[in-house]
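What follows are several structures.
You will see two complexes here that share chain A, one where it goes with chain B and one where it goes with chain C.
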Partner chain A sequence: MSPSKREALCIEALEVRYGAVRAVAGASLSVVEGELVALLGPSGCGKTTLLRAIAGFERAWAGEIRLDAAIIESPAISLAPHRRGIGLVFQEYALFPHRTVEGNIAYGLPRGEYAHGRVRELLALAGLEGLGKRYPHQLSGGQQQRVAVLRSLAPKPRLLLLDEPFSNLDPGLRVEMRQQVAALLRAEGVTAVLVTHDRSDAMALADRVAVMQAGVILQVDTPRELYFRPLSEAAARFGGDVQLLAGRVRRGVVETALGRLRPIGTPPDGPCTALVRPEWIVPSLDVGLPARIVSSRLEGQQVRYRIRLNSGAEFSMTAASGLSLAAGQAIAVSVHIDVPVFPVDPP
Partner chain B sequence: MVFLRLRHRHRPAPIVLWLAALAVVAATQLPFWYLGRRASEGGWAAWQETLTGPTGELLINSAKLSAAVSLACLAVALPAAWLTLRTDLPFRHAWSVALALPLAIPSYVMGLTVVAALGPKGTLQGWLEPLGVDRLPEIYGFWGAALTLTAVSFPYLFLVLRAALRTLDPSEEEASQSLGRGPWRTFAAVTVPALVPALAAGVLLVALYVLSDFGGVATLKYGTFTRAIYMQYSSSFDRTGAAILGVVLGALALVILSAELFARSRYEARSRARRMSPARPIALGRWTWPATAFLVVVVFISLVLPVGVLLYWLSRGMQAGTDFPDVSGPLRNSAGMAAAGALITVILALPIAVLAARFGGPLARGIEQLAFATHALPGLVVALALVFFGIGYATEFYQTRTMLLFAYVILFLPNALGALRAPLLRQSHHLEEAAAGLGRRPLAVLATVTLPLRAARRAGRLRPCLPDDHERAARHALAQPSRLPHAARRRLGK
Partner chain C sequence: MFTDVWGAFLDILPGEWDIFKERFIWSFLLQGLWLSVKIAAFSILLSLLVGIAMAVGRLAPSRFIRWPATVYVEAFRAIPLLLLILYVFFGAGRVDASWVGNIPLLGGILVDSQGHLERIPAVIIALSLYNSAVEAEIVRAGILSISKGVIEAARCLGLSYLQTMQSVAVPMALRRMAPGLVSQLITLFKDTSLASVISVLELLRRGRILYETPAYTLSYSHGSGITIEVLTVVALMYFIPCYLLSLIAQRLETGGAGVAQKRERGRVLRFLLRG
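Right, the complex of A and B next:
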């Protein structure tokens, strides 16, 4: 994201309505050239509608969408979908069942020698050589998925949109496909917006993540920023597990049940809520507040503990499974990073 | 997963379904059995005598007319179905009703309309007379018959296509647009191929209907096979000749049936589960007026003109002081029988449609194609078969409503099948599998999930209830109390 990069897509205060329902209620987003932005949000938050509006399949009720500085969608202007040069990869792929893999990929290309070469190049890029003559129903889910991406990439779109591209894949394949698709998109250098409700999809793939809720975009940041420095409680929930502590800011320090923590920035004095993700609590034998393990549950790579401080306050803590702490064991806990602090909403 | 093949051939169909389908299809084959008996009565000599002479020419005429009308119906019905279902055309609902209604126009009424409008001393010539036009191109013959039959039979295709279009997943079309192809090119490259099974079924209905039509070709004096059969029947006591011609017509129907089977098998394997969200209507923009004009022309020719001609004849009759017969009785009769016939036909068609679309296999396919075969038979042949059957084997049913309902079933079963099949093929199996997974037994799944598929039933029920040439001829031969179209025909002095 060097500043020299051009802005490719710009969405300003966009509103899309279905009757009286505001599916997108004033969303704004800017995507620079070559960037991959993930739209992350729960189902029904309007992210797919926003994507379809960018593609030209939903009309704007207010606001506007610009592509390379030209308005493509506004209440007054709506460029036809096929004139936008925006590729769209569907959740269910929507491959043409009556065309072969080659026929599908070549669909958006002018007929001729160029199309032939481009199809071969893309198939090789995705490791699908030899499948060109097959029909979609003869492919596995992961192969169909890659063909759908290749089909959209073939005409070199100005922008590629992906709608929940991994939701139809099982978890193992999902991780693999995520890497493969990411590699494909980077190899083609395409600007892309990806819609997902899966945090790990967004984190693993995107340069920046746009968190969307109830039709608005709450925060757009790198995965790292979103995880460590969310701007609101709602945004914090999209970055990872959330544990909120009531606290009070006094002279640049947050006083909480977990002791005195360093806040991010300089919040004003007064009552606040501090975010301490379970994995930010670090256990040791002697450094920090004394605590006792109440219970533990293995969750694969990590163990989730319930801990109790001497004050009686209980917290959730996760740690690597190699640590192997037993229930009843006495430990000491501390938090070493600056924690996000949110003002308490007036009652 | 989406594109996995969804025809589960290994899943056996409930035995009740097989029995029901076999019973229905066996009953509908009665006319063929009759034809076979009759045609074999005279031995080879009768065959030779009948098939020499102009038979070959008649056969070619029938085939030519069938092909031309099928193409014309395609040209009308495909754009009409798409416009009324997928675009923002104003009054789409009204249009779709108006486009289905010509099914209710008997083909001889349409034929009379064409003659009245385009024939010598017709309306058009009257208008052109001041301009010095004293002759129009000949309307009697091939072109007149083709126009007439297109006007009355395109709704078959229209309704089948609408049912199929409604269950089509719009995301394929959207994918095409996002790849840079406009609405028209998308329609040609994505929508039409997806409609092939429905197109084939609809064209089959139209082609077989044209083979069997009598009213239209008789009015426009075009010599087809069916007309020849009718002449044979009415001109002599010996019906062997007509039966032989009927057998030949049945053979022609088989050729068309196998062509449809071929077209279908190529595409059917790829039918699949679909997202069922409705498509966003395509904005027609400046195309709104040409599109509306197109529909205006179609509805004007196929509905407004014939109704107008009927009303004109009616008013002229009344002016001339002809006593107007009370038709309320026949009207009630007509409506009641139509409703009962439609309901029974759809119910009887369901086991066959479900069997063929859901379980597949050569036997189910064979049953389905046999059920379609009767569509090529002129109503007269079907009716005479039933008369023969009634006199010989079921005297107590002869000249009863039961017999008439039976004739309706034989005549309209293919219509109901055509409409039921396309949506069934396109509907996801997952719904039924979900029901099975929830502990429903196969028959219960059929009753609670397969049958309520609304699109299928709606389209299927609409069609058989409308009177056409088939029905009129059948009623005539079955000597039922006079019903409306029959009475109307007498009034028209035909």
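Right, the complex of A and C next:
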């Protein structure tokens, strides 16, 4: 995010209520022009409600949403959905069954020569030439999905919203579609907000990830920052597997069962919790603390190990499967990166 | 030649069919059928327009539209149609509607010289009131069966609520609801026979006139005269337009997005034939 870029979307302390339930409870987010932000959170965290409020299908109870500096949603003002210039791609695609692919894509365009050219341009961009005359039910899931994205992109929306766009696809197709959709969005240079509960979707696609829990946004950062430098324990869980160690900060160093680790920043002296993701523990034959493999389990390309230090403390460690360590084997482990440190909550 | 064959055919049939050898009997009944068809056509048009509007109205975001539409539907579908016909006809008789007579073209058709509503418009209004209420519920169910996403997708593409209803929701709902809707339209056509109670000379009324005419009835020894014969012919005359309507419904259902459905049906048929 470069500071010279214009802010496209701004959400300030937004609240959306369903009766007494605060589905969105004071969420704030800023998205600059051309940026792709992922809203990542578990089911029921309010991310879809937030998206629907941006699109104009839920009313704000408090706070406001601005698009290109103009208020589009607040308790007093609510611009009708069709006047917002916001595109929305639905989880179930929601293509019009009684229209062809071309008819679907051209739907938001004024009729005429321009629409014709734009549809052809978009079909070519998505590699769907020749499918223009088909009906939605004659397409595969992945094709339907791209048509849904094209339909939303056709009128050149000021902002594109995507609601769990990959959750209906099988895992192999999902990775492929992720790349194709990302390429489409970048080719069109559209500003986009993507809602997902899938960490890898968010990490692979987004310029920045906003992690959401219980109706509030905990942290907005690049995928890299979120993974290596989460600001809270809760935010850390969205970046990857979490392993928390009790420790104590003394003169700029964290003392933990895994030895003396370098913290990120300069936390105050005293008890703390340190985050050491399983893959941050690096095994070797001689460098580091002596440890023993307790058990191992293959997880796709990596292996998850249970290791025990001489002190008796046990940890989870993941490593490349090529290392092929056996249960009972003696190794040495060390942590080479600066670890995030969180204050211990008062009891 | 033809009349000979026809006459011979009627002679074979059990019962008293002699009057159907007369051309004027047929033209007398067919005029009634034509009037029934005209009454039904106007009522179908009017009731669909109002019915769709009421369906959209009952789903409108504003309660100031929703409530009146709901009251309309609940009220008119809960009144017997026969009562409604009598009510509109005799009710209109108390109102001076002579101003309607001044409307060019339509005026002369709608009201008589005393400024009272004519019988036929009264029947069309009553049929439209009742059937629009029933059709509104069918269309509303159809719109509700469309996924919310499709409607919201149209909104996001720049269509207002009414435009979305007009170009996405209603066309999809009508296609999906075609069987139910056509059933109702068939019922509407048959219900035009109720107009006979206010002496509109539609098909059934003309049939009754025929078998109640002493010249035709008294020449037969048995009491019921030619009642059954006339009613049989009248029934067949009602059947033909109804069947045409149901053929149209099948066409609607399988058109456009229904191609896959048709193919599926073919597959089932082949399977059954092979088995």
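Definition applied: the second predicted complex is superposed on the first by the 347 of 347 C-alpha atoms of A that agree within 3 Å, B and C clash if a C-alpha of one lies under 4 Å from a C-alpha of the other, contacts with A are read in each partner's own complex, and residues count from 1 in each chain.
Please note the rule applied: a contact is a pair of C-beta atoms (placed from the backbone, for glycine too) under 8 Å apart; a residue touches a chain by one contact, two chains touch by 3 or more.
All of these numbers come straight from a predicted model, not from anything done at the bench.
Applying the stated clash criterion after superposition on chain A shows that chain B and chain C collide. Using the contact criterion defined above for the overlaid structures, shared-chain residue A:Ser152 touches chain B and also reaches chain C. By the touch criterion stated above, A:Ala94 is placed in contact with chain B and with chain C alike. Of the two partner chains, neither chain B nor chain C is touched by A:Gly127.
When the two complexes are overlaid on their common chain A, residue A:Gly270 makes contact with neither chain B nor chain C. In the superposed model, A:Gly252 makes contact with neither chain B nor chain C. Comparing chain B with chain C, more residues of chain A are touched by B. Legend: residue contacts after superposition of the two complexes on their common chain; A:Pro81 is shown touching both chain B and chain C.
By the touch criterion defined above, A:Pro290 lies against neither chain B nor chain C after alignment on the C-alpha atoms of chain A.
In the three-chain model built by superposing on chain A, chain C overlaps with chain B at stretch 112-120, while the rest of 22-30, 112-120 or 454-462 show no clash. Put simply, chain A uses residues 55-57, 80-82, 85-88, 90, 92-98, 107-108, 135, 137, 151-152, 155 to touch chain B in one complex and chain C in the other.
Within the complex formed with chain A, the residues of chain C that make contact are 147, 149-150, 152-161, 163-164, 168, 171-172, 175, 256-257, 259-260. On chain B, the positions that touch chain A within their shared complex are 1-5, 169, 171-172, 174-183, 186, 189-190, 193-194, 196, 267, 269-270, 272, 275, 280.
By the touch rule above, chain A contacts chain C in their complex via residues 55-57, 80-82, 85-88, 90-98, 107-108, 135, 137-138, 151-152, 155. Contacts from chain A toward chain B in the complex involve residues 55-58, 80-88, 90, 92-98, 107-108, 135-137, 139, 141, 144, 151-152, 154-155, 161, 168.
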